[in-house]
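Presented sequentially are two complexes of chain A, the first with chain B as partner and the second with chain C.
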Partner chain A sequence: MNVYRNLTIKQKQIVWAWSFLAIPVLFYTVIRFYPTGNAILISFQDWNLLGKRTWTGLDNYEKLFADPAFWKVFKNTFVYLLIGTPLSLIVSFFIAYNLDKTRFMHGFLRMLYFLPFMTSAVAMAWVWRWFYQPVPIGLFNNFLSTFGIPQINFLNSTTNALPSILAPAIWAGLGFQIIIFMAGLRAIPQSYYEAARIDGVSTWTVLWEITIPLLKPTIVFIVVFSSIGFLRIFDHVFNMTTGNPGGPLNSTKPLVLMIYETAFSSFDMGYAAAQTVILFLVLLVVSLLQLRILRDR
Partner chain B sequence: MAIAEEIRPTTDALLKTTAPKRPANMGQIIRWGLLFLGGILMIMPIVYMISTSLKWPHEIYNLKLIPDEPTIENYTFVLQDGRFFWWFLNSIVIAVITTLCNVLFDSLVGYTLCKFRFPGRYIIFIAILSTLMIPTEMLVIPWYLMSQQFGWLDTYWGIMFPGLMTAFGTFLMKQFFETVPNDFIEAARIDGLNELQIWWTVAMPLVKPALAALAIFVFLGNWTAFIWPLIVTNSVEMYTLPVGLSSFGDEADVAWELIMTGAAISTIPTLIVFLIFQRFIIRGVVMAGLKG
Partner chain C sequence: MADLALRDLVKTYDKTEVLHGINLDVHDGEFVVFVGPSGCGKSTTLRLIAGLEEVSSGTIEIGGTVVNNMEPKHRDIAMVFQNYAIYPHMTVRKNIGFGLRSSSAPKIQKEARIDEVAQLLGMTDLLNRKPDQLSGGQRQRVAIGRAMVRDPAVFLFDEPLSNLDAQLRTQMRLEIKKLHQRVGSTIIFVTHDQVEAMTMADRIVIMKDGYIQQVGTPSEVYHTPANTFVAQFIGAPAMNMIPGEITNNGSIQLETGGLIDAGLAARSGQKITLGVRPEDLSEHAPASFLEGSIAVREPLGHETLIYVNTSVGEFVAKADGRHPPDVGATVRLGALQENLHIFDAETGSTLA
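Take a look at the complex of A and B:
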């Protein structure tokens, strides 16, 4: 205690700061940084969890790039991204824009749109899975049949399964994006709109020349945030295709499901680790590209 | 305590609209009607889930929203089985402990990075920031190996340890501690409080809205977390609700009314919490989204 008392205020601050940070630093080192390094290390090894770890250099990566299943999965992952992100962006902007212009029962409407965000992806995946069942079980097909429209094969078709799984994923995220968009819309100063009104500018011009340019930071945030979500899609796919993981002919399998199966069904740890490194690089490149493109514009 | 009051109106203002109070012309009435229809469509999956969980098996195939003979038989059946009780308990315990841990440590680290000047501050800041770039999926294999080595598989600790602190929470809190004036801290220091007391009694009460926002995000995230609990648990009693529901759904096969009951059990608690603290939660989401 005497030693502490003789310290200057600045030195005391240093002591306090590091004692506050001791546990967190240990945590981040052991639970974040060490595993990251370990994952990269394992990706260069061959290991089935029980046998010996053997150094194999780039073999896992070569195997991965030569694997047609990987390219299928890689493509699926990007289909989720390329449909999911623009679609949810447009729909959520459209709803937020209009919701922002209504005051009558505003809170109630906002609640309706936000509610799905509070649900668990697993529970809702099962609900939607039920919706997609063929007649007489599934809600959608029952609905279609009352109007005499032919049945749609949702989850067992190689073409329909992926969009069918994407739908609940988009649905669940809309509420969050709408709320963020509305906050972004509110942050635009009213004086801009007033000036535009005095100049007699049309609603469309106001939308394209004022609203959307000023919303850019919000749009960047939502694009990056939702892209990361779609690239890492797993809960919905896993739960809507149990029994036939990845859907018919792997038509819905995303990268994360492939990682899960390689690691925890085939116990091919090295191969799975290589896939996680690829996932990491994909996320990194996509986010950086989006930031660069959207910020520059 | 003026700061907390100051933060609140700004985020509140972001949620208010200046549109006319009542729909005045035809265009606005149509807009309102369409938004209302869309909103009803949005909650349909939740409504159908609850409605089906109250139906007898022979009724689930019709599209009626209100069952002819409503029953809670499905709930009694599912709860009597006992597993859902355990899964519910596991999920609660894990989500609550993780949330407390995050609120405590993320704010402590955020506060330290914000209010202290010490060697290594910038490095720590960048190091924690960089962990945001690492996807969970990359870490699950090493975490699994660690858990296996130390006997953490199939334990609460095993499920919880990866999420006890988050970089997201740390940055959220750091942002909010910026709004706490340094004068307050200096004044407390002159009053003879030590740094731990200053953090806990002076700074923490000023960022309560942010703490609430963080708590909501962490709780919801852990309540719905799936991939890691799926990997780390083996025995049925250790499953969390999402993992349990996933295995239950597989096992129940075509008993959709039971699956919907299970889904409802894992969804209704968060919905109730949301309905009670609606304004609060939406404000929290805005704060976390804009500042985090």
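Take a look at the complex of A and C:
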């Protein structure tokens, strides 16, 4: 105890800081860093989960880059990202912006928008899957048929399947983004708007020159957050396309689903690890790019 | 530049009436300060003039036109907010120029106007900075610049100095006053600080609970307060209030035991409150009416405040800065007849 007492205040703070940090550091090392390192290692090996690991060098990566299925999946993943992120951003901002001005049933409406976020993705995917079924089961096609509009093949078409899966995925994340946007909107002092009203600038100018620039930290957060979400999309796709995972001709298959199949259907752990490393690099690059671009210019 | 007139102005929120019929004429080029404790309705009145709140009844005229149903931008006013409301993501130039966004003037003319205003406020070299690179006083000046750039008929200031430290506040007070003398526009200035009101105003409007208590020049409200509220609100430390009664021969019998010859025989038997400012209380007055022992001394350098304990409470007086009486000493204080304020004890309004 004497040793501790003789430390300077600064040193005591360091002792305390590290004793608190020890648990998360240990946790991260065992749960995060060790598996990450191991995955990178396995990506250079051949392993079927039970047998011996054999060193194969860059074989897994060479196979991956030569695999047309990988490039299809890679493209799908970016389609999810490039449609999903901007669309969900615009829709959630539009809803939040208007909900913020609504006094009538404000709490109830906000709850309705937040509800999907709290719902299990699996349950949601299966409900949407039912929506998409052909007549006489599916809600959408039944609705269309009452107006005599021809059937739409939602999940079994190579062109419609991906957007059909993206829609509930966007919808599911909307509630969270709306809440974050509303918090951001609330944080803007009312006097900014009042000053603009007195200066007589248009609503459009206020939106583009005051509201959106001041929401920038919120926008950065949502863009990064939802991009990571769309790059890692899995549960919606998996549950809406069971029986034919990844949709017709892999038209909806994202990278994570491919990794899952390679690892746990084909038991080709080395190949799956190589795909995981690529996903990790993509996530890293996309996040860093967004942070760089969207930070202060 | 223009006159401003408020006629029977009433504001209600749901069922609560917060302004109960305000009547006021502000002349062209006048500097009028609204002062009162929080919740007195001074800011609400300002926001009604600005058009940020809707008038419940009564009228607001600016330059002879009723503006009740006009959008703020059509009222030819500009406002400076308590938190300045300058946009953190824009440079000083853009902030000042924001007020010109809706104007149809050519760009060169707008730029020239921004430069002119910047020069007037002495911040030409700050035009390309962002607000977070400015000090509190400089931000304040940007806010004033944005208001000035449109050359409005009426300037509205909503407690603009309350976020500044004491020293800067004194400095900005002076700057705003000088600016007014140079530009000569009509200014309505809201504050809760009576010192700001006294130092800057041509006329002070003292408000309480949604009513105007008194309108007058700083000297008028100080020397002839309309009621006990004004008397105690203006001036620091506040005026001493001594309860008493008018005797049959028209003198005032104070509860402190003092007797003052007042010649108010017509009001004999009436309960009154006698107001005396601390600086008017003196040991050398012809007749003393207050006796007690000194409980506390507060030396201020040029003078010392002494708190005197009497049978009816504590009163404050100003004493010499160099040789104040000792704590515990007994003093007998009085004041000149002309410095006494007599109020009705029930209504609080001034008598005679």
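Operating definition for what follows: the second predicted complex is superposed on the first by the 269 of 297 C-alpha atoms of A that agree within 3 Å, B and C clash if a C-alpha of one lies under 4 Å from a C-alpha of the other, contacts with A are read in each partner's own complex, and residues count from 1 in each chain.
One rule holds in what follows: a residue touches a chain if its C-beta (ideal position, glycine included) is under 8 Å from a C-beta of that chain, and two chains touch if they have at least 3 such contacts.
From a predicted model like this one, the values you see are computed outputs, not experimental measurements.
In the three-chain model built by superposing on chain A, chain B and chain C fit together without any clash. Contacts of A:Trp71 after superposition: neither chain B nor chain C is touched. Between chain B and chain C, more residues of chain A are touched by B.
Once the two complexes are laid over each other on the shared chain, residue contacts for A:Met269 go to chain B alone; chain C is not touched. Between the C-alpha centres of chain B and chain C, as viewed from that of chain A after superposition on chain A, lies an angle of 70 degrees, to the nearest 10. Of the two partner chains placed around the shared chain by superposition, chain C is the only one that A:Tyr192 touches, whereas chain B remains out of contact. Contact with neither chain B nor chain C is seen for A:Trp55 once the two complexes are overlaid on the shared chain. In the superposed pair of complexes, A:Gly200 makes contact with chain C only, with no contact to chain B. Looking at the shared chain after the overlay, A:Trp208 reaches neither chain B nor chain C.
When the two complexes are laid on top of each other via chain A, the two nearest Cα atoms from chain B and chain C are 10 angstrom apart.
Comparing which residues of chain A touch chain B with which touch chain C, the overlap is empty. On the chain C side of its complex with chain A, the touching residues are 50-52, 71-74, 77-79, 81-83, 85, 87-90, 98-99, 101-102, 146, 150.
Interface of chain A with chain B (complex): residues 10, 13-14, 16-18, 20-21, 23-25, 27-28, 31-36, 38-39, 42, 95, 98-107, 109-124, 126-131, 133, 136-137, 139, 142-143, 146, 168, 171, 174-176, 179-180, 182-183, 186-187, 190, 221, 228, 232, 234-235, 238-239, 242-243, 256, 259-260, 263-264, 269, 272-273, 276-277, 279-280, 283-284, 287. On the side of chain B, the complex with chain A involves touching residues 11, 13-23, 28, 31-32, 34-36, 38-40, 42-43, 45-46, 48-49, 52, 60-63, 105, 108-109, 111-112, 116-121, 124, 127-128, 131, 133-146, 161-162, 164-165, 194-196, 199, 220, 223-224, 226-227, 231, 241-243, 245-246, 249-250, 254, 256, 259-260, 262-264, 266-267, 270-271, 273-275, 278-279, 281-282, 285-286, 289-290. Interface residues of chain A, counted against chain C in their complex, comprise 189, 191-192, 194-202, 205, 209-210, 213-214, 216.
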